[in-house]
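The following block contains the structure, expressed as structure tokens.
By written order: A, B and C. Residues from 1 in each chain.
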Amino acid sequence: MSMHVTIRKRIVSADRQFALDIDFDSDSRRIALFGPSGAGKSLTLRAIAGLLAPDSGRIVLNGRTLFDSEAGIDVRPQERRVAYLFQDYALFPHLTVAQNVAFGHSRGWRNPSRVALPPQAVRWIDAFGLRDIVSQYPAQISGGQKQRVALARALVAQPDIVLLDEPFSALDPALRTRMRQELRALQESLDVPMVVISHDPKDVEVLGDHVLEIRDGHIHGGGRGSRHPPVYAPQPAHAL
Amino acid sequence: MTAFPRLAACTALTLGLLAAPPVFAADLVVSAAASLTNAFKTLAGQYERAHPDTKVVLNFGASDVLMQQIVKGAPADVFASADQDAMNRAEAGKVVQPASRKDFAANQVVLVVPADSPLGIGTLRDLTRAEVKRVAYGNPSSVPVGRYTKGALEAEHLWDAVAAKGVPAQNVRQCLDYVARGEVDAGFVFATDAAIMPDKVKVAVRVPSRTPVTYPIAITAQTKQAAQADSFVQYVLSPQGQAVLSRYGFQKP
Amino acid sequence: MDAIWTPLLLSLKVAGWATLLNAVLGVAAAYGIARWRSAARDVVDAILTLPLVLPPTVLGYYLLVLVGRRGVFGAWLESIGITLVFTWQGAVLASTVVAFPLVLKSARAAFEGVDHQLENAARVLGVSEAGIFFRVTLPLALRGILAGVLLAFARALGEFGATLMIAGNLPGRTQTLSVAIYEAVQAGDDNTANLLVLVTSVTCVVLLVVAGRLVPPVARGVGDLYERRHFRRGPAQR
């Protein structure tokens, strides 16, 4: 797996400006983006997924160019085969769990049926233990279940890479620990590369091989395995 | 502008708009048939110049509708109708003073066509031709000119054929408007109405009417200004009033 | 009871067609405006909402200017055999124009209320833009859209001013319920007027109740809705 990401984007809103200037390469299958809120982690992920158009830059995944401002290439998100797990899961509230999971499988204008499930969907529903709640709606299931549904939905589409935006932020500590281990196990068994965003150092430790620290829209440092810089080192007051 | 001056200005404007308009010593409300629109506007203007303390408020519409309004309590002082039928019903409803009832004008029903009409209509029977697709007339149930029309067509056994392609109008002026705009191929109006738009409509047939087309005028029963109302009626009947009417094409009753 | 049935059926026919047209046109326009990123879109929205604030007779007049026999498009329409003045199709045109802003405003608000993240989620899952519209955006906006369509139907059913101007009052052809009531009152026929008013009111109520049943229910979680037990508010006073 190889990934090259160069993103430059200026975001101007009514009261503030934000400059994103990201540049990194990685051949790790377990990348973690780490940094405080507002650092630009989500924006980076969105750019990789194709939901945000950089002003300039290049994004290449496994030799496939997804974005290149100089060559005029901008692949639509529909075609990038990049899975994105949103922070609040973004489950479709008007569809059942089964329909959510099978959503990416049908590409037409009709939603998947409530009863007849394609084999890929069945595989992931069973893998995540969602059989009991297949006919329920997202409003009726718990946070942990929602996360598993979101993950199953993303994996049914057989993506080249999975991007997870603060996957555990809405869960309680006990559940976090459990989900963290589950995700780790998934990473091993699945062999699908993952990029995880978190501001929790524990997440980064367990889920990241290649850790990139982002601050104020830039990569501040990075490292492999146990050689990455101490995470969550308190900043001296004057640097904030 | 700070808040207070703005608020003060708005309040002043609102109060100014709500303030009552100047009230004349006597507001005389005259409900008159639609065909009298132009004649009565001129007449009222002359009357006001002769009686500066009176303002004449004119209300035009189909005679039956005006009669209904008065029956339901509308504050009219004088009622001028385009046919005897509407006035008869007003009398039956006891909303006019029978002693004050007088005929003040006469008119003629005509068939008009759009000024540029290529259809060459010269008789009432021509209306049954296939090229004549739509014919307008006042709604007989509520418009005098419609009743005269129906009477005239029934006399020639043409009513059913014409009604099949009929477009009922709310009053005679709407009928005229339909013809002027070319929405219909022909329409029945009064000669006085046709005379208002010589460039848009032309008279095709002078329609003989079974009943004489005479206009009665009367003072309403619930008027609070009987003296002024009577004064206005007398003016309409006077040589000056009659001169105005004849200028607009009305005949003597 | 032909005096009742004919105007009733005509009113339902005219209002039905007008609402159908508005459902399609209004939703399409609302979606376009909701997605359009330009300062001009508010101007376009305001122009399309004009029929809501203009008096119906003014609208009727504008329609006549456009489609009357001597109107801007009238001559061309006549040449291809389409007559709108004094026909029920003209009544449909009047009702459509008058009720259009009701669908437009409701649908636009409904579309703008759909969470963008959900549309983005569908995008990364590989669904086409059209697929996203029919599978995510439209179902989630449906309640708001239906509310607007219902309002539009009620408005079309009661349309009078513009209809009278362009379609006239031709019994059996363009005399809708509202116009029939007007004529009955003008002719002093209070009995017919009362009956027509009663029929109109009952029809509207029945239709609104039936339509309310058709709106899809919202899936709620356990404990999502605020509910109280009817105990005392606080400790008992001595």
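The criterion applied here is as follows: a residue touches a chain if its C-beta (ideal position, glycine included) is under 8 Å from a C-beta of that chain, and two chains touch if they have at least 3 such contacts.
A quick note: this is a predicted structure, and the numbers were derived from the prediction, not measured.
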Among all chain pairs, the one with the most C-beta contacts: A-C
Label of the chain whose CA centroid is most distant from the centroid of subunit A: B
Most centrally placed chain - per-chain CA mean versus overall CA mean: C
Euclidean distance of C-alpha centroids - subunit B vs subunit C, Å: 37
Subunit A-subunit B separation of Cα centroids, rounded to whole Å: 78
Inter-chain centre distance, subunit A versus subunit C - centres from mean C-alpha coordinates, in Å: 43
In the complex, subunit C residues that touch subunit A: 115, 117-118, 120-128, 130-131, 134-136, 139-140, 219-222, 224
Residues on subunit B engaged by subunit C in the complex (per definition of touch): 62, 64-65, 68, 71, 134, 139, 141-142, 166-170, 181-183
Residue numbers on subunit A that touch subunit C, as the complex places them: 49-51, 76-84, 86, 88, 90, 92-94, 103-104, 107-111, 137-140, 153-154, 157
Complex contact set, residues of subunit C against subunit B: 64, 68-70, 85-86, 168-171, 183, 185-188
